[in-house]
Amino acid sequence: MMELLLSTLRLSTPLIFAAMGGFLCERSGVATICLEGVLLTSAWAAATVTYLTHSPYLGAIAALIVGGFTMFIHAFLTVKAKADQIISGVVVNLIAAGMTPLLTKLLFGSPTNTKAIPISERFSSTTLTVVACLLPFTLYALVYRTGLGLRLLAAGDGPEALETSGVSSQKVRLWAMSLAGMVIGLGGVYLSTAHASQFTRDMTAGRGYIALTALIFGKWRPIPTFVSCLFFGLADALQIQLQSNPIFGHTFPVQALQAFPYIVTLLVLVGFIGNAKPPLAIGK
Amino acid sequence: MAQTSPPLLEFSKISKTFGAVAANRDVTFSVHSSTIHGVVGENGAGKSTIMKILYGMFEPDHGVISLKGKPTPIRTPQEAISLGIGMVHQHFMLVPTLTVWENIILGKEPSLWFVDEASVMGQLENLKKEFGFQVELNQKVETLSVGHQQQVELLKLLFRKSDILILDEPTAVLSPQEVESLFERLKNLKKAGKTIILITHKLKEILNHTDCVTIMRQGTVVETLATRDLSEEILAEKMIGHKRSPLKRHEEAHTPQAILQVSSLTLKKPMGQKLSDISFEVNAGEIVGIAGIEGNGQQELIKCLAGIERHFDGQIVFNNQNILDVDSYDLKQMGFSIIPPDRHREAVILPFSISENAILGHHKEREIRNGWFLSGSKTEPIVSHMIQRFDVRPKDPHLSMVSLSGGNQQKLVVARETSRPVQFLLAAHPTRGIDIGAIDFIHQHFLELKSKGTGILLISSELDEILKLSDRILVLFHGRIVAQFTKETANERELGLSMTGGTV
Amino acid sequence: MKFSFSKKAVIAPLVALAVSASVISLFLVCMGESPSILVEAFTSTFFNSFGLGYTLYYTTPLILTGLSVALSFHAGLFNIGSEGQLHLGAIAIVALSCFFPNLPSFLAVPLGVLVALIFGGIWGMIAGYFKAKRGSHEVIVTILLNFIGIILVNYLILYPFKNTEVQNPETVEIGKGYVLPLLSDFTTLLGSDFFLTTPVNITLFLSIIAAILCYLFLFHTSKGYEIRALGQNPTAAEFNGIAVGANFILVLTLSGALSGLVGVNEVMGYHHKLIEGFSPQYGFTGIAVALIARNHPLGIILSALLFGAIHNGAREIEFLSEKMTKEVSVIMEALIIIIIASQPYFVRLFSKSKKEGAK
């Protein structure tokens, strides 16, 4: 039981970082299909820089910078160039999926993975999990109790009102999204240097999308989103347990278990929340 | 009025063009301190453009704005705000999901970090008391009535210590009583030293409440005058540039035959009862007006009638047929026409061409098809007939709908909805935001339809329009019909009273 | 909206292509390789029978997924689920052949095409149904359906339909009757060796016909008119008797069916079996194809050809270069989308500086 709980927390951590980044971005009025891509590039940066410099902290800083920059591409396309938010998100995911193996091959000879980081140079996963659990409450205070948060909410729910109050909603979005990129970057650090010891091709494996669904399921509020991340983490943990422990003498085919979190997500999405109300300016 | 002191605000030779359209040409006038200055003109006369230039939202192509005698470039709303200029836009600029106090401090928060709610509240309560506002600070803006939302907008300006307050069509959505209290408030503000610029197309407001008035027509200033020298006739003539011809009335010859019967229509929504127990009928050759302040169930009633909202109790019967039994496309072909309230959102498809818009709602008819395919050659004569008959300009059916003015777009909508035999017409805010020429044209057309036996249900927030056209008037308040009048018994005062739930 | 091949519609993709090619060359130079590789790779994709054959083979699925995305775009929907839908279409053909392996061609071919349409369509319809009835956002639902669909198909490849005689994750071969002729079969008849040993097959013509049908449907029928009206302004459409939900379901079903046809090209056209991971993200590339063609069904034929060439060229680059991987095509696609999508920004920037220059 304790094991399941710990495993749930471990598996929820990257989801929480990604979902909280998504929270900041979507609350400012921009859809974030690109969580997956940001998670991927920052995971790559963390593993690569940690391996090259032997410092997990430099690796983490690199991940934050790369995560922030990847999100900035999305921000530039959507906010400055006013491109379609979904298309821009898909592009960012494409870039991430294309660049990471290319650069990996360039630096390490093989496109599939970076070299393993020795255990002494890995990031503490406990620290990151604790940070992830505190993050939703910090963001709650930041967004719902401060002047900056007020501007963020206004950029998402009434950008015109914000503009006529003399504040540029574009600037608010650019800042919010860059910050979001860094938050997601922590998820990347966790994936490649704490949870695992190297970057592998497509190692995010859909976590960005699950985080996005957790955000929707949490109705774009930080605490409920946190709870739904834990829920998806639990689904994943159960899946792993079922793989190793046959039930009633049957082992499930691994694909059924792989599909399990997605099916749960889909059922949750269409069954329980139906018409959730996103921030009003999203998609515009 | 102290005409000797230099004017607070001077516009000189301001011009602004959008594409080929000159929205403002050499606009020149001045506004004096502590006055209520009206800017009046038809829709499209350039009133809003000049005010948006003043508020830094548009950059003028030419011309200078001077503040207290000094030429002052205003490039952004932020600069305007710091110069003490504030604006209440026609469409309120509020964040619906935030509370009243959050909306008020937005952009001028006491701190970008943690906000001391108690001290903000104290400050705002004082402001409320000083100028007599009643709005509750902790409520979410989306739950407020329009009147209260407007108070939030004014409080926002006062909180920022604005000295020049621009109000763009502030009375368009208010009840007559709310209008009175708005002007009471504006007089207090004037006494407190504020300067108010009032943009409106309503002549009575100008005559009753302003000190000075600037009349605009087709992007230019016709004249700036002291209000006391004016009468309504003179003002109207200067505004439209010619005398207005009265509506031609036709012989009344209808035998009452109900086209539309609504009985005990009730609509429940999770957010509360939206319509309760509404019953009325519309006869052939009759115009029934529905008066009421917006947000009292008009939108819901329209959606029920249009077959978009289908989960209601009670019945809507058109020509002895329950409308829920008929596909809403087929209903249109049976002579049930709708002019929806919001032209851009509900009536036209802006990126489509004029001719594509002209077939909307009749796009499956055999007369415009060749077998499976839509036929351009069969559509063309139908569309050009509409364009000719309703004088839609420009006349090229291949142009995009965006290239038409509001009035011409609306004429096309009316043409589309009434070119085929029409038994019942739901006309919701049919003349909102269009010029007087188009308004008169559409009103005249309604009277013609009526004489041919069409039953019209006219839903409008403009009391003048309701009074001018309707044979019977129903008043909608909080989702109920609270009063009924006939053409003979209706008067503005009693209507206004029942619109706010008062009894006569 | 009138779609015509205006100058801008042609220039923008060309500029995008030029810029992204320059960026890739820069990459190559940085890696210490000659950018001539790029030239070599791209000439070989068009100017010899082998290269052209492969380019056209990759063009075929991209026309279909491009149409799939574009069709839903016209209704204001974003179908990201093409990838899952094409997996379902492909496995359906294999399943049909497993149940009826000995059908004669005249039955097997149309039935194979039909089941690909139906199963791709069902996968799209699920998203349409949830959108219409539950208001769920189609983007999220189709993403989830991608994962579920691909996992499901991989399971079917590895267990029920597995070819147990080989190690590779692939299904048994389909019956002879299901096999479609290659274009080289026709050229051989004419005594030429053009297209010989390339996988381009008659599904190419099927996809071009699909594009023409989509064009006629969208721009010349009442239903197509309804769909475009709905996409431009759903509220106005609803006020004019256009059923929103039913049309959403219809569009996503058709959109899924078009993606499902990709299976015909892969299974009946070339491999004659289904291999795990057979799609190099045709579904996502379809988004780029649709975007470049501005969702015009006929333009999609051309933009699919462009992306087919990029895809083929990237394989060539991987072969020619020591360090580049085939992901270079993904990067090139992404660059092209970025440039096209941010075109209004650059146009604004450009016209502004021109204006100021004139002053």
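We call the chains A, B and C, going by the order they appear; numbering starts again at 1 in every chain.
Rule of thumb we're sticking to: a contact is a pair of C-beta atoms (placed from the backbone, for glycine too) under 8 Å apart; a residue touches a chain by one contact, two chains touch by 3 or more.
Since this is a predicted model, take the numbers as computed values, not measurements.
If touching chains are joined by edges, the resulting network of the protein chains shown connects every chain directly with every other.
Just to note, of A-C and A-B, the chains joined by more C-beta pairs in contact are A-C.
In terms of their C-alpha centroids, the spacing between subunit B and subunit C amounts to 47 Å. Centre-to-centre separation of subunit A and subunit C, using mean CA positions: 28 Å.
Subunit B has its Cα centroid 45 Å from the Cα centroid of subunit A.
Residues of subunit B in contact with at least two other chains: none. The residues of subunit A never reach two or more other chains; the list is empty. On subunit A, the positions that touch subunit C within their shared complex are 33, 73, 76-77, 80-84, 86-88, 90-91, 93-95, 97-99, 101-102, 105-106, 111, 206, 209, 212-213, 216, 253, 255-256, 258-259, 262-263, 265-266, 269-271, 274-275. Within the complex, the subunit C residues that touch subunit B are 1-2, 216, 220-222, 225-226, 228-229, 232-233, 235-243.
Of all the residues in subunit A, the ones that touch subunit B in their complex are 145-148, 150-151, 153-154, 157-158, 160-167, 280. Of all residues in subunit B, only 55, 57, 76-78, 80-82, 87, 89, 93-98, 102-103, 105-115, 156 touch subunit A in the complex they form. Listing the residues of subunit C that touch subunit A in their complex gives 31, 78, 80, 130, 134-137, 139-141, 143-145, 147-148, 151-152, 154-155, 158-159, 284, 287, 291, 323-325, 327-331, 333-334, 337-338, 341-346.
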